[in-house]
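Look at the two complexes coming up: chain A is in both, with chain B in one and chain C in the other.
For the complex of A and B:
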């Protein structure tokens, strides 16, 4: 069965091969293990990009294959980030607090330790009490469970309500947008229990590995991200191939017809929506330790819209298209907004790319939609002729 | 009739005050080939919508099968799984997928997401797909993308998808629309063969096509049954002539 899966999806083999080569190149070039040609911050950028590619293929499955234009998938990404961030912050603060209390003659009570940790974490929002949200923050295992459970449950409940009422098209997009906006606004509150607009920070410091250099940590996370992307790619390629892929693409093209064939469309949509939400959560949990900080702005509606733009530019309905779109646009974006692109002096006006990048992105999005509806990935159709 | 498969009795439905169906009663036996004719707006498509669960009637009963199950309140998917297949007026096949994939999706198999995800291709299923393709004359086209098929071939593919569902009742909406004479003949043959073992209801505009089906005819007008019987019987009915000729229909 595996043989037929690969032979029917040669792009999977190509993708894994190229990802493997790329990973090898980064390992060889990194400061931790190799020549140091690639700086640690660059390794982090590349690792983060792989996480963005992972959420992009999730978006491609839910939108490009199943036809649900979700404009809220970054909410799941952010939840994954917050879930792992809580443990990272708690465990690291605990180590620091225990260290500072060590020399005292009278042994501190557990309550005193807890208060000290709470004070460290929540002092910034004028509190020292642990909110109920942090009940499991001391357990890495439970917080890792939260990375998949919370996005999964949220998607399950949200999707069940929306799909059962047969909300489709632009109305569903607006609903998902409202979901991520509501979540982001709630997180901005100081009493949300997640440090309001300060967010969670210092996430690049892994508790227990204080003596390990960032070069090594960033490379480990890069490798983890590459592995997650590879597994995610294979998983989604499997889901959208075969009969499941037939039904899911049938729902995209003619939902009513699939219903009259006897399939309960709601169940399929819910399955795809929830699965992609869980993968988005995992992508977020890998992304934010590399970014070092997460704050509510990350869940702003615009992030999810960017995600749709990446997938559209890369090419909907093909997984490698989503990867190309996410990698290409997000790297280009950091080049333009990071001052990498030279300003263009027109004499009467100087084009500063930090200001004009968004305009360029918007124009390219419109052009791709109008003239290349298959996106960058569509170029591969000219290279490879599909055997009929 | 003791072999009644579907019994529609006293069904009415109105849209914004317009009565699309007005206390309509029809019985379909198994096996049976039945043609439903009527001018535009007679309620033919709404009739199918009600049976397949797309439209909920304001009053009346729709009873199905030996166990006299009411179809009202069941979802489209449940009704389809109970054994009612529907072909739409416009050919609606999944154009981005191959003929084989279209048929495979329609094949009678477990419909749950998990069963579909773990579905493996079996020789038995492949043989069923081959047999259906043979029946609708698309054996050579199995690997083709359905979007490339001609209009007539798409109609046959959709009929093939219906057969693949192995329904007890086939509802076929204007199967001959836009077909050439030879294509029509072939379509008639497919439907007649299908009706030997199951109930087939054909909604049609075209009198010539109905004549070729050579079956019992129900004439709908303004949402209720105007006449029922052989084609010659109903076409000699003065009200039927008036309804058709009065609207400029020959």
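For the complex of A and C:
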């Protein structure tokens, strides 16, 4: 069975192979284990890019394969980040607080410890009480469960409501966008319990590993991201191939016809929607410890639209297309906005790419939609002739 | 008009007569009372001063009260004077001529506190009857700022002679406030309080609230005084607050906070143990309390107050609020008046809220109506719609840079904004959207690309800071009905503009050739084409129309909000929700959607006024739920057009 899956999807082997080579190259080049050719901040950028690739393939499955243009997947990504961020922040603050209470004659009570931690974390929003949201923040295991459960349940409930009332197409996109907007507006409030627009910070410091250098931590996270991407790729490749994949793609092409053939369209859509939401949450949980900070602006509706942009530029309906799109656009974007690109002097006007990159992105996006609907991934069709 | 003119003549006449009169002789006749006034003797002098009708009287009284009047010892003449070192700068009371003289020959008039109050009352009386309207008004204002018992009588006396109607009304109102607080006769006071029940102003409420001011009290037996209400522990105040009140009244021993327990334990460590308990075991509250009890038993620290003791102490006492005012008749009348005012204010607030909601709805309607045409009628998702709003606003801003007159510039900006965004819309339709008519999701993404590019372009051209779009002077200010109900003119203008557009669009769609063709192409492009309609041209014009209206909406929105490159993005999601909630393909639906969202948002804000973010969150959640149960919107399309 496994053999046939691989033989049906030669691209999976190619992808895993290339990802493995890339990972090996980074390990060899990194400061922690190798020659130091690749700086720690570069390792972090590459690790974050891998997480973005993971959410991009999730987006590709839900949009490119199932035809649901969700503008809410970045919200799931953010939820994953917040879930892990809560534990990271709590555990680290606990260590700091315990350290500061160390020398006292009378040992602190659990209540005093918890008050001191609450004061540290929520001082910025003028509070010191732990909101109910943080009930499990002291347990890594439970928070890891939240990374999966919260996006999964949210997607399940939201998807069930939406698909049940046959909200489709553009309406569903607007509805998912509204969900993202509501979530980010809620997070922006100081009394939501997640520190309002300050967000969670200091996530790059892993509790219990204070003595480990960032070079090692970032490499570990890079390897974790690579592993997650590989697993996600195989999982999604398996989901979209075979009978299930055919039904899902059938829904994309003509939902009514699939329904008339006797399939429970809502069930398939709900499964895909929820599964991709869970994977998005995992991607977010890997991304934000590398980014170090998460705030509600990350979840704004525009982020989810950019996600769709990456997938469209990379090429919908092919998993490696999404990976190419996410990696290409996000790396290019950080190169342009980070001042890496040289300014062009036209004599009467100097084009600074920090100002003009978004214009270029917007225009190229229109061009891709108009002239290359298959995206960058479509170029591979010229290399590989399909037998049929 | 004639009456006012006559009044003026009369006043000028009086002033003319008075001008001739000198004050010094009058002062000299009462020189003794003025130089050494006492509360009993000064009133005669004050009455005579008032009777003289000289215009300098008010000036004199003011200076006298401020100890600015000096008497020459040699002849008893009075002067206004200010000290300059060892000299005095003298000012003649009648002529105003200034001279410098050594201080030694003069003595300062220093009326005592009681006399100064009498002078002040007389002064108020003078100012209240001053021929100059502005001085009278300022006297009334100063009374309103610092209401005092002594001002009541002069104020009442001046009401009848007041020629100016507005000021007279204000005087009567103020007299009511003063009587409600200070009237000597209880019946007058109650009448005044009752008369306030129709006055919704904040001042009236402040007067009543002052009468109703309470302080909390606690006692072991039945409460005394004019009791406002009894407080029930658990319902009106919490157990902790009640006990804190007991402690404050010294009726119960203070609680020992957990911090002090720890400090007390830490201070009494003996050989690694506190009260026979090793310090290592003191990391929880029960053990700490046990150790503390041992210390308390040794008399080293004040004992802990247990939960049971607290409850017993609270139960043994009565908690109540008592009025500062002793007379129950006054407080009852004031309570009734305040209740009546609050009912009125509540009604007025409802009206005000409705007006607010209406104006918000009209803004949403303006922002969404263009979208209703492009999305609703043509089925094209235009994510750049918000950027068309922004383009319109910036057009208005640019016009104002060239045309300094704000009225003219707005008149130019409105059609120009339409033209600019119409052209942009047509260009976008021709170049991009035309190729994507059958791929709605891709239209969404392509127009999003355009939106990103336009937004950044605007940022590059105009910078990131907000640009002002100034409204003409006649749109400044607000239409004030009462203290509670008011609406700014600009919001009225936007409301009118929204109505105009509703009418205009209905007219274009239902009564013109273009509208007929648009509806035909919407329903069946193929059939329309075979009837001789050019669908390409119609699509282009429709899209241009929708975009052009977005431009005009941009000017209107820019007038009351700031113009930034991101202003479009603020409206795009709301606009889409307006169209979707209202029902696609129907102008009335958009109106219904905008009203629903506007009223809903204001309603939620009213429940939780401190948090507009929460209001938006709940509104979006409501919309999500609403679409679940009415996926086609409020005004649903029927028939074949509904199947997509």
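Here, the second predicted complex is superposed on the first by the 388 of 388 C-alpha atoms of A that agree within 3 Å, B and C clash if a C-alpha of one lies under 4 Å from a C-alpha of the other, contacts with A are read in each partner's own complex, and residues count from 1 in each chain.
Note that a residue touches a chain if its C-beta (ideal position, glycine included) is under 8 Å from a C-beta of that chain, and two chains touch if they have at least 3 such contacts.
Since we're looking at a predicted model, the values are computed, not measured.
Once the complexes are laid over each other on chain A, chain B and chain C both fit without any clash. For the superposed model, the angle subtended at the Cα centre of chain A by chain B and chain C works out to 100 degrees in steps of 10. In the superposed model, A:239 makes contact with chain B only, not with chain C. Touched residues of chain A were counted for both chain B and chain C, and C has more of them. After overlaying the two complexes on the shared chain, residue contacts for A:345 are found with neither chain B nor chain C.
By the document's definition of touching, neither partner reaches A:7: not chain B, not chain C. Legend: residue contacts after superposition of the two complexes on their common chain; A:271 is shown touching chain B, with no touch to chain C.
When both complexes are overlaid on chain A, the residue A:369 reaches chain C alone and has no touch with chain B. Of the two partner chains, chain B is the only one touched by A:261; chain C is not.
Here's the short version: in the overlay, chain B gets within 6 Å of chain C at its closest Cα pair. In the superposition on chain A, no chain A position is in contact with chain B in one complex as well as with chain C in the other. Contacts from chain C toward chain A in the complex involve residues 258, 262, 265-266, 269, 274, 279-280, 282-285, 288, 381, 383, 432, 435-436, 440-442, 444-446, 448-457, 459-460, 569, 573, 576-577, 580, 611, 613-614, 616-617, 620-621, 623-625, 627-629, 631, 644.
Those residues of chain A that touch chain B in the complex are listed here as 1, 239, 242-244, 246-247, 249-250, 253-254, 256-265, 267-268, 271, 388.
Of all residues in chain B, those touching chain A in their complex are 52, 54, 75-77, 80-81, 85-86, 88, 92, 94-97, 101, 104-106, 111-113, 116-117, 119-120, 143-145, 161, 165.
Taken together, the chain A residues at the contact with chain C in this complex read 69, 104-112, 158, 161-162, 164-167, 169-171, 173-175, 177-179, 181-182, 185-186, 188-189, 191, 301-302, 305, 308-309, 312, 355-356, 358-359, 361-366, 369-370, 373.
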